[in-house]
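Two complexes, one shared chain (chain A), two partners (chain B, chain C).
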Partner chain A sequence: MTAAVVAERLRVPICAALVLGTWQIVFLSGAVPEKYFPSILSIATAFWQMLADGSVLTAWAQTFGRALIGLVGAAVLGITLAILSDLSPVLSRGFRYVSDVLQPIPPAAFVPMAVFMLGLGAKLYAFVIILVTVWPPYLNGVAALSGVGAVQLNTGRMFGLSNWGLLWRIKLPAALPEIFTGIRYAATISLIAVIVSEMLAGRDGIGFMIFKKAFALRTPEVFGLMFLVGLNGVLLNGLVNLLRRAVTGWHLRMMERPE
Partner chain B sequence: MPAILTADGVGKSYGSGSARMPIIEGLTLSIAKGEFVSLVGPSGCGKTTLLMCLSGLLAPSDGAVSFKGQVVDQPPIGLSVVFQDYSRSLLPWKTNLDNVLFGMRRVQGMDARAKRARAEEILAAVGLTGFTDHYPWQVSGGMQQRVAIARGIASQSELLLLDEPLAAVDAQTRADMQDLLLDVAQRFKQTCVLVTHDVEEAVYMANRVLVLGPRPTRVVREVVVDLPMPRDQLTTREAPGFLHARHEVLALIRGMRQGQKLS
Partner chain C sequence: MKPTTRIALLGLSVPAAILILWQIAALLQPTPLFPGPGKVVLAIWKNYPVILHELGITLLRASAGFAVASLTMIPLGIFLGRFRSLGKVLEPLMDMLATLPPPAIIPLVMLFAGTGDWAKVVIIAYAAAVPLLMNTYEASHSIHPMLSRVARSLHLSRLETMRLIDLPSSLPMIATGARLAIASSLLVSVTSEMLLSTNGIGTYLQRSQETFKIDAGLAGIAFISLAGVLVNAGVFRLEKKWLFWHYRDQRPTE
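So, the complex of A and B:
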């Protein structure tokens, strides 16, 4: 085995060692007070204790569940709106104005109004998460549906497809790869929105725990929880990729094929 | 032989008023069952627009197209188009076999198994045995166009409208594909209308060449190709009848091009 092959095989441990090593060097240098920048060991210990008393598992399940439900809702709504936009130019223009105005508003800015309107709880999460997560699937959907080529559509018409048939049998399958790109992006946004909502208006979940521990200056726990949020992203992305492979695997294989 | 397809005074224009752009004007033609007819004309004369009108994918502004005695107002069963751009016409999320089966979606009186057997038979006839489970993007351009031809035939087609089907394949594949097209057209009893800008190909393939005029286009000359079928890439192309027909068509088109340059 050459050095390159060894490096390729061990890329995960090598990267982890680099990150952890750098962290530990910064810690040992004393540049940041230990209170705010704990050692790897104390973070791991704190994390282990939270795992042991079960609190973090419950919080994780709550946060991940909210992100997942929000993402599914946003994807379904986004695709539905994209289909409506494709059917009606009037709706398309209307939705475009709404999305142009709503899209730049960060999730945190929606939380206060949502608390007044919906109170604390599931409705608030659903509202905030879907409102900020719906746009990538929607915008990608609109672009992909309108980008389906004339030859493909003529092929469908030639074999007798109605307008509905064209939508289900030609346009949607052709648009799905691009829609999935939007859903992948949405997965990250969904997690961000959950954490922010939990921090500002939550009573449980990882976001709430981070907020609480931060105010108590429990820095090792805060870092542990942040690491868990990052893992959530990896997990959610993995789920989206599984679904993507199942639904539009042809496209991935087409993109990967050697020329 | 009775006419399978007729166009009677067909006109097509885009826009209106002073911006009106006529593409086709007063075009009349008649294709008999079993014929192989080539349509050639100067570049940009509106060949593809004409084919779209003949297939029912585009409504003519004037006149009417009839297929088997019925006025064409949408793509009728029994007629199929083979597009030049096979890579966009085949559905990339379906395998070659499923693409052919997609072409058979309106075929009546066959259960799924019979359809599958028929699709495999036609794919074998175009030389794609062993490639049925491949996706179109996994096979060469020439193979993709053969899938598209198989799909057209499988749709219980009697009339194939071929829109420059070989323009995008390389020269050697092209000669093979010409012979393959002639072969399957005869084997599956397809009447064919071939739109092409290649005069040699037009003459080689056809019983009759219809020469189209410059835009707004109509049929300006009919050249009968008096050569026996099957054709042969060597002997047919050297036969006096071939050279004569080729000369006549080329001279006509050259004349039109010079006319366009002067005006």
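So, the complex of A and C:
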């Protein structure tokens, strides 16, 4: 076996070993004070303790729930806006003005103002997350709906489909794979938005917990929580992928087929 | 009137409708904590020198972070793309870092580097690093094998191959990465200023909230949006100008 093949097959364990090993060597060398750079073992213990007393599970459920609700809301709203844009060029242009203006604004910027208008509850998180995550599904939806091939549309017309039938039976299914790419991107953004909002709203959730632990100089806990945040990303991505397989499995099978 | 102009003008009715609804909602709730667009325009007029000054600080910091990231990550990405085994081994690490939202590292960097300018530049550089590294690596690693053979028959050294072959042919994808990185460094610079406040537009927003000046805060948000639109348009034009050869090749031959 050549080095490249070994690297290909064992890359996850080798990578994990490299990272953990370097980490432990830096720790043992004492180049960085232990206060800032705890050993792997103490991170694991701290993480385990937080799991055992249940505090981390509640915070995790809050954060993940918020991200999920926001993502579902953003996906539904984004697809609705994309369909409306497909029906009317004027609306399409109008939505584009709005998205051009709102897209560059970071989620964090909305939080302080929205706290006053919406309070600290679920409404705040739903508003902030949907406002920043709606654009990828919407933009991809518009592009995909307008890119459906003429042959497919004419086939539909030949079968006597009405405009609604065309949209529902042909355009939307054809656009779904691209819309899902947008939703996957939105999943990443929704996690960022929820963590930032929790840090700024300062009441509960993983984002707030990380900040609280950092101010208390509990470095092992901070690292442990960051690991959990990364895990959240993997989990949310996995959920989106499951749904994508269920809804657009035909497309994936088509892509995997040789030729 | 051309039909496209008509659509562009009629389309303005959507943002106009949103603004009118917002104004009505604000009039129905006569509290200073829910200002309408009218009050925000007044606040823009009153506060624009301060906002522009703070925005300048933010943009400066964002560019510093982006510069650090591109100077380190583009060479690293090319290097990992050329030394395949190393790149393959580090792929899972890159994937994992990509799922970690940049704002989540703010508290951690605060522990190491405090809350000064450097801490913020480090955070911004990290945020910009992920898309830059991923795109550069992806591009240089999937380079057409023919190009590598050309390099070999010209007896180029590895360094020369990376500089003369890998870098130029990865540029279009690096540009995509840079676009994402610029957006993300703007986002993260504002966020980090809100959390580790000293100065900048993020701090300005935070201070407006603390002094209950919601209209001034919304004015600040309007300027962030404007800056984002301008930066995006600028990047788009630069890309068209510098990568004209790429877009020229992409145009379908007639």
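Quick note on the criterion: the second predicted complex is superposed on the first by the 247 of 259 C-alpha atoms of A that agree within 3 Å, B and C clash if a C-alpha of one lies under 4 Å from a C-alpha of the other, contacts with A are read in each partner's own complex, and residues count from 1 in each chain.
One rule holds for everything that comes next: contacts are C-beta pairs under 8 Å (C-beta built on N, C-alpha and C of every residue); 3 or more make two chains touch, one makes a residue touch a chain.
This is a predicted model, so every value here is computed, not measured.
Of the two partner chains placed by superposition, only chain B is touched by A:His251; chain C is not. Looking at the shared chain after the overlay, A:Leu242 reaches neither chain B nor chain C. Looking at the shared chain after the overlay, A:Gln103 reaches chain C, while chain B stays out of its contact range.
Of the two partner chains placed around the shared chain by superposition, chain B is the only one that A:Gly160 touches, whereas chain C remains out of contact. When both complexes are overlaid on chain A, the residue A:Arg11 reaches chain C alone and has no touch with chain B. Contact with chain C, but none with chain B, is seen for A:Val229 once the two complexes are overlaid on the shared chain. Which of chain B and chain C touches more residues of chain A: that partner is C. In the superposed pair of complexes, A:Ser92 makes contact with chain C only, with no contact to chain B. Against chain A, the residues of chain B that register as touching in their complex are 52, 55, 57, 74-75, 77, 80-81, 83, 85, 88-89, 91-93, 102-103, 105-106, 135, 137-138, 155.
By the touch criterion stated above, chain A contacts chain C in their complex at residues 3-4, 6-8, 11-12, 14-16, 18-19, 36, 89-98, 100-113, 115-117, 188, 191-192, 195-196, 199-200, 207, 210-211, 213-215, 217, 219, 222-223, 226, 229-230, 233-234, 237.
Interface of chain A with chain B (complex): residues 149, 151-152, 154-155, 157-160, 170, 173-174, 248, 250-251, 253-254, 257.
Chain C contributes residues 7-8, 10-15, 18, 33-34, 84-86, 88-93, 96, 99-108, 110-112, 183, 186-188, 190-191, 194-195, 202, 205-206, 208-209, 212, 214, 217-218, 220-221, 224-225, 227-229, 231-232 to its touches with chain A in the complex.
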